[in-house]
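Here the chain labels run A, B and C in written order, and each chain numbers its own residues starting at 1.
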């Protein structure tokens, strides 16, 4: 297996996914197959090659420090699953 | 009674301009057609009753933020999410007076090649409803093919505009990366995502590209077009150098029917006056897929972290604190494919693995870009089939993720280099559409439109599915 | 065995730009919750960051003031982690290609200049604010919910990381004061801990004096003032030395202090190394600061506080010089003439400081006159004058009165001397001859050549005679 069950659990925890036992088994198998396939990239010796972070060679894209209107509190909270007054409300952190 | 099944956007524009029909009437006509025919196809997730403009109607893939209209990106995790702002492309369409018909179905978070990964049920291919329309922009492709929209916007990351266009017999453009704003587009893979027109004709495609393209100050990865968009007119290919990369055209899994039609179309290029020659992309095809399936999931694992039940979307209540809520919500809200890609991406970025996986994949992108650039020294356009197969049956590939990934083997390489690609229908194989892919260097859309239009006229493909004529 | 502390600092400073780092919402302090937000800082699906040009320029300015190299190619990175105050699920920050590198801040001190290395200064965005609410249902502890306010989310932050070059708690305190002063004078931040526009963490370890090794360090977090930090550092250094002296090993820990309860012992935790899975931010293109920009910003740098401390230390000593500069009163000091420099400095740091007057509002010549005449003015009148010294049209003259010495501190010893020299008359006065008061006052007036204020002398003599 290219990825172990423990690794799958570690990665699921990092990604905040609560997997069922069935999912853990299924994904371990599928991710192993996928990882084996993508590991192909390591066949190439690219020590002299620069990575491409952006397809276009742009630099220095920024904006002046001029304010634009914020959205209303109502719009900000419009889709909130839970709220209290003007705050977003979540279970304790 | 407006017959929407055959109407092109350009024709619709003419009708409106000449006052023969109003925008509102057109809007109504399409909504009627949707009510009549979309029950079978499920290309739309929701429609918009009131016309939003007095011009030509348009459909948007459901990852385009539309103010006041629910936007789900095909995922349950965004059920009920109504944006408070418009994507830039939506604003530009509004400014061009286009009226929104509705939001089309898609693979969840644009992850898929068949629209079977939608959280709300698949879309069916109008040419054969037992088959997939392709993905992830399957809803938009099917809507245009079935005459349920004169044109539509889709998005393309690994081929999600080109491939469904191919499977549904319509035209699809994946633009040069950076020429169409991603502001308001639910992100999958930031360095690859692009919004692209899906239309019945190449001229329609150019018209829609002209409306949405251009630099956006809200998206710092965009640039202005070096030249204005030219709506194609020439019907010959004299002076055009067409390259046939052997690795793209001989890739594993290309069906004989697809191969035959592709070769015929290449021959047609020569007849129209093009210079046709063979070329090579030695490593781009072999390493394109693995490169994509490292870069895209890595970026996606980060882009999808915001779906946490705090500010929008669903939340699954229960015991424990906020972390338990994240875990439950994300497990319930995401389907299998996003979960797989999130985990794959998280793994590829994690400490100790970054260099070997994500870091290495970003270098492979450079190799792919260099190989294409070398080919473009001798040729103006590179050609190949868009998809190795015609539309496959629903359920045929859903149990094997890797088999599904192979659908994108021909569209991915040029995407990794940020290059534009146009897919045009070039014929039917066993009654199902085959797409012909034209790839150009950055900012070569006008060339792609020219070649695509000339071929389209010569091929004379009837874009109305047989069963709808 | 002799030990030396090894101290490093990580400081976060809010840049006082008008808008946030990656969107153009106005940065505002104390606005009602969620009134300064937009799809970008709320991380709505599809939103994209657009960097604040001023924040970039000001980070370069700070880097130059800290003698850093300004990177030719800098990149934003995503730092991935989940927390309710982190709406995107990642923070846009900088990783291995920051804007500023390899600088130093020289902290002048009595033991000589301490050259404190600056590893890096980089730009990032601040998180939202979490409010943990309690429960009314009689639960013993624990919040029942967390409320989140995104007004602060996206505010530009500069993070400064020092080399572990600080060798005492006091040196760390002086470093922080000097850094704060520098930042304020550059005009890029208010750097006020109470407002949250300056925060810092401290890394502490110890080693045998003279060795080069780096031993296990502990991290001190949530310190709410420089003075408190100095004490906490001292205690931690002692604790670690105690452990090594008794043959133990210091464990890697984080000490969380309670900003509201200074004497409370810190909570200790072993924080797991987090895997932030950094990747270059694909939604932002790299920064390549143009040479003309860097040159212009460098040319516009004022004379920095550190240089001024060194200059003034020659006439005032390091402590007074340091205090004057870091409290923002050294410019005024330099404008006040007068031979007794220490006196001027002392007044500025004590009585003038208490008056709360803005140094920039003061007429330096008038204040010079006032200070020179201070021994001839009653104490409370002197303080009154200082409090008014910032008013337009202030004149020292109106407070000088008749130039008589009224300072009880100066007159008291003279009165005591006179009384001690005339015990017979003292006894007679106490026996009822109250007319002798005039005799004593006269003696004091003779001793001060008539310069004493007779009313003050009168009161003093009376007081001395009635006591004992």
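What we mean here is this: contacts are C-beta pairs under 8 Å (C-beta built on N, C-alpha and C of every residue); 3 or more make two chains touch, one makes a residue touch a chain.
On a predicted model such as this, the values are computed, not experimentally measured, just so you know.
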| item | value |
| --- | --- |
| Central chain of the complex, centres being mean CA coordinates | A |
| Identity of the chain that, by mean CA position, is farthest from chain A | C |
| Approximate Å spacing (C-alpha centroids) for the pair chain A, chain B | 22 |
| Distance from the mean Cα position of chain C to that of chain A, given in whole angstrom | 40 |
| Centre-to-centre distance between chain C and chain B (centres being mean Cα positions), rounded to whole Å | 57 |
| Touching two or more other chains - residue numbers and ranges from chain A | 14, 16, 53-54, 56, 58, 61-63, 71, 76, 88, 90-93 |
| Residue list for chain C, restricted to those that touch at least two other chains | 39, 42, 50-51, 82, 84, 146, 148, 275, 277, 282, 284-285 |
| Overlap residues in chain B, where contacts from two or more other chains coincide | 81, 84-85, 191, 217, 220-221, 301, 305, 308, 310-312, 322-323, 326, 346, 350 |
| Touch list for chain B against partner chain C, complex | 63, 65, 71, 73, 78, 81, 83-85, 87, 182-187, 189-191, 217-221, 298-299, 301-302, 304-306, 308, 310-312, 322-323, 326, 346, 349-351, 354, 358 |
| Residues of chain A that touch chain B when the two form their complex | 3, 7-8, 11-12, 14-20, 23, 27, 30-31, 33-35, 37-44, 46, 49-56, 58, 61-63, 71, 75-76, 78-82, 88, 90-93 |
| Chain A residues within the chain C interface of the complex | 14, 16, 53-54, 56, 58-68, 70-73, 76-77, 84-93 |
| Residues of chain C that touch chain A when the two form their complex | 17-19, 23-26, 32-39, 42, 50-56, 75, 82-84, 130-132, 142-150, 275, 277, 280, 282, 284-290 |
| Contacting residues of chain C [partner chain B, same complex] | 39, 42-51, 78, 80, 82, 84, 87-90, 146, 148, 275, 277-279, 282-285 |
